[in-house]
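Here it is, the structure in full.
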Amino acid sequence: MSNTYSLRVNGTDCEVTDSDITESLLFVLRERLGLTGTKNACTEGECSSCAVLVDGMLTCSCLVLAAAVEGQEITTVEGLSNGPEDLSVVQQAFVDNGAVQCGFCTPGLIVAVHDLLEADPAPTDTDVREALSGNLCRCTGYGRILAAVHAAAEQMRSTP
Amino acid sequence: MSRQATITHTNTANRGIGADVTRPDGIPKVQGSFAFSSDLWADDFLWGHTLRSPHASARIVSIDIGPALATTGVHAVLTAEDVPGQLNFGLEHGDQPVLAANQVRYVGEPVALVAADHPDIARRAAEAIVVYYEVTEPLTDSEAAPQAAPIHPDGNVIRQLNIRHGNINATGEVTVEGTYEVGMQDQAFMGPESGMALPDEDGGVELFVSTQWLHVDRSQIAACLGIAEAQVRITLAGVGGAFGAREDLSLQLHLCLLALYTQKPIKMVYSRDESFLGHVHRHPAKMWYRHHATRQGRLVKVEARIVLDGGAYASSSGAVIANAACFAVGPYKVGSAHIEGLAVRTNNPPCGAMRGFGAVQTCFAHESQMDKLAVALEMDPIELRLLNALAPGDRLITGQQITGTFPVAEVIRQCAEAPTPELAPTQDHRNLPGGSGRTTEATDTARGEGFAVGFKNLMFSEGFDDFSSAACRLADGVATITCACAEVGQGFVTLAQQIARTELGIDEVILAPAQTATIGSAGSTSASRQTWMSGGAVQAACNKVRSLILADISAKWGVHLDGLVLRDGLICTLDGQQQASLAELTANRAYEADVVYRHAPTEALDENGQGNAHVSFACAAHKVIADVDPDLGLVRIRHITTAQDVGRILNPTQAVGQIEGGTAQGVGLALMEEIVLDNGLVRNASFTDYVIPTTLDMPDVTIAAFIEEPEPGAPYGAKGIGEPPTISSSAAVAAAVRAATGLDLPRIPIRPADIALS
Amino acid sequence: MNRVVLPLSLQEALSTLTADPDATVLAGGTDLMVEINRGMRRPTSVLALAKVPELRRWEITPNRIHIGAGVTYTEIMTTEIAQAAPALAQAARTVGSPPIRNAGTLGGNLGTASPAGDTLPVLATLNATILLQSANGQRQLQLDEFMVGVKRTCLEPGELIIATELDRTNGGQEYLKIGPRNAMVISMAGVALVADLDTRSVRCAMGSVDAGIPRALKAEAWAAERIDWDNGAAIDPAVAQEFGQRVSTECSPIDDHRSTAAYRRHAIGVLAARALNRVCSPKRNGHV
């Protein structure tokens, strides 16, 4: 039942040993690699709290079989900044605009907004809403989150 | 230390009360380094899992744990026989078994526990437990419950509360009548129930868990474990939202039982479907109302019968029905009222606290009635509300006189009169009903505007000894605040720092972990009470420290107390001529104080539901613009305007966040959120089928006004702001859909079929 | 066997499956992983198809569209497939959320064979041929031959869905879907409709209202006779209205926790009428 394989996470190769083959990438990141920034809210792809990038593609890590992404480049929320003093523009905008309350949906949103703004530096409000329509948040009603996304987009456009 | 000392010249005015200060936990939360209760880890820990009843009503004939125990990797399988102390627990009444012994009363009731090396092994072992049930017909009709055979030794009526006010035989020239229904809403916080328990050497247990009320968890846990309260040490772990669902115990006791039995750390994390079964929900309500008014529109009397389905166990149903009944007529002056409130027991899932706590259900009914009355009177519905709006000095239907601020008319006026932003016609399906499903063109829609106002009490009522505890220690110019207030996302951690900065004139404030071992109870993070209660406790503790410092310096400098002030990290004379650094002053000696803070006492309600049962009140109003596709019954809310009675704003951005978030939960209840039951069985225990609003369901919210009339007796005059936004938003959405369709729509959530097939 | 195999070619995938016919086939994971996470399925060996290049290809020819089983919803929405089969792109856009659409595949939608599968009504209206292959050879089936019931297909052990081939049509295409909110929903009722100017035919299929994906064959023929094909497929709105009612009689919806049979039948009628009006109105609205 056990299995050994290697995952490349945030630029580092990580050995996964004694893993059950049915374990999701979400489980392996959190419980085997200690990367608990990726959150476990529904484990059925309905909330995006577990969003990560797999080879640059926004993905719900709960729906990825960990052993099947061996060799692919996985980026989690922990890989988007270096230490507490070095927030990304998106992360800083979330803090500054009150986009964080309980914070459980926040890491998935941070990853999704990075993905969105990389693809589209000037999204309309409706574009932002569609892009984030899979990221459920129960605390904010989304108002401050949308404000943060627009603030981050503006800042990224003004500082090349 | 020297690094901290340099901060003392920061202008604290910008980071104190009233300022837009950012959350202290914001940075770890955006970086994914904030430790939620599901992120915990300990050497050699085991995974716990719960076996739950598949039946709504059954006698347990036998439980065979043998096959589960024989599974490789399983360390323990526990049943009711293994509960060492009290067999039942409960928030108000101890009526709920820790583990079901002879009888199960709802689908999802815990029956057995497993601890194993891997979560899937634990799950499989739980599946291997053989339970023989003798299934009986469940009681699922709340209105039949009082007369039905009791399903619990405590009977089927959890609480009956009748309010008789004024002349209950009075009649009005104009009457309107209606029957209303509210479905079962779930709090649907994002972070499922989770935690870790570790056995202690002294036979006690240490628990890290997401909860709303550490100390009441502790007393329930200790009683059922049969150990002293001091042997149960609880630390708040990161909480992924709460909204009432974490006020009752869920997995706390189970974690501790397994940890004590195995003498190993135990971790449990509910899956989403288990979370839907593992916590209480908002009470479904059935309500009959009759309003009597004069021809001129003055309310004469309101009659109502309110039945709340409490489900299998009491939880906080007694307090919820009290709120539903006390605020049944809304923020209106009514001379006479006859309200029958009933919270009953059924074999449906247990219901308890959720944001708005009873006032949400009745607001839907009373605001529907007010609109109906306006039609009957041929009167503008806003005018009707203004004509009857409660004001300070008026009496509630409980006979209580409003002594604090209560700007109902101003809230109504500001919300109603605020201009709605221009809503450009759209061809973009994403902004039309049905969204990207492309069901609807603009020409298929009708627009409606709806309005509602609601109110509720702040803090605990009916004579409850409501208090919070806090400690402040100032050393090296840094304040450390200790308080067991559960931060569940609402932003108390930000406020506590702001309060300490304002009171002590310093900038750096550290918050100690919320723990049972270091401080007394803060009460629950519920009832919109923590800003007032724990905020009040922190303020009082800081004040005490300030007084100690002032007394010392006053003596030392020979300056009267009134001539001294703490600001910008300094203590100085008013003219600034003489000053000393607080960092230096507290470098060799710490100033410390702790306090227990109480609000003014309240009374129980008498046999007629009369009495000064509540401390303070707050209201909010919503105006909703909805586009409806009547043929398909689909709704797209285009805009929401709100105004709220806030006392005083302590942190503008956090206030906006509470209002937008609370409004969204009301939108969800009005249009989509309902736990669907089939003879007691939950049919939609997942985020696939229990849907909450997304970014394409929530419109922009305009806050027309924070009505800032400082509340006497409240710290800084601030009222709690968490609940009012959830109370009136559902009713306003329903009103907007009614306006667009001309339909009665007496039930929320409004399902597409309720519109399309009417 | 207790392993995850990641074949790098179709041949390798098929030979792996021949050797281990009980292996669980993993495409995008959006359905399978839900079952695994819930403990409803505990595969001991998994054949993951993500890296099989033959399954990731698509090709558009003048008359047909070939879409490999591993092509994702996002690819369907954002590539030339969207211009070639607009209704398929519209359907893809309603599937879950952006990360789900990045992972989920057309082959996976077929393999799950849910009546609520969003692409399936579109495939039915575009005369889809499902290509199945095993070590023993290839089979080509129509959707109604392939999907034999709720979440049941005629896929045999050792067989893989490798691609779907669709007609290109000349004229409007529509997919309309109802869910309980404005994004990220499972279909409560859905309609795909094509008006093909070349064959002067209407094809209409329905989702979430039957054990399979029913076509409204009688209503299609009825409408085709009433469309003025020589004048840009003009239609009298009253005809579209009646078409909707006729379509709604050609399905067998049920009550469940998501909706009621009565609402579903009603909604199908409204959606079908609107779809026909859209593809027939002079200003076609067939793009995403």
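Each chain gets a letter, A, B and C, in the order it is written, and its residues are counted from 1.
Assume a residue touches a chain if its C-beta (ideal position, glycine included) is under 8 Å from a C-beta of that chain, and two chains touch if they have at least 3 such contacts.
From a predicted model like this one, the values you see are computed outputs, not experimental measurements.
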From the Cα centroids, identify the chain that ends up most central relative to all protein Cα atoms.
-> B
Write out the two chains that share the greatest number of C-beta pairs in contact.
-> A-B
Chain centres from averaged Cα atoms put chain A and chain B apart, in whole Å, by 28
CA centroid of chain B to CA centroid of chain C, Å = 43
Of all residues in chain B, the ones touching two or more other chains = 120, 271, 430, 436, 688, 693-696
Junction residues of chain C, two or more chains touched = 37-38, 42, 183-184
Multi-partner residues of chain A (at least 2 other chains) = 22, 43-44, 46, 130, 133-135
What part of chain C is in contact with chain B in the complex they form?
-> 37-39, 42, 90, 93-94, 174-186, 188, 190, 256-260, 262-263, 266-267, 270-271, 274
The answer for chain B against chain C in the complex is residues 120, 123-124, 127, 271, 273, 430, 433-439, 441, 444, 631-634, 636, 671-672, 676, 678, 683-684, 688-689, 691, 693-697, 751-753, 756-757
Interface with chain C, chain A side, in the complex: residues 1-3, 5, 21-22, 24, 43-46, 48, 51, 57-60, 62-65, 67-68, 70, 112, 130-131, 133-135
Which of the residues in chain B come into contact with chain A in the complex?
-> 22-23, 25-36, 38-39, 41, 118, 120, 187-192, 238-243, 269, 271-272, 428, 430-431, 436, 488-491, 653-654, 656-657, 660-665, 686-688, 692-696, 698, 700-701
List of chain C residues in touch with chain A within their complex | 2-4, 6, 26, 28-30, 33-34, 36-38, 42-46, 48, 50, 96-100, 102-103, 183-184
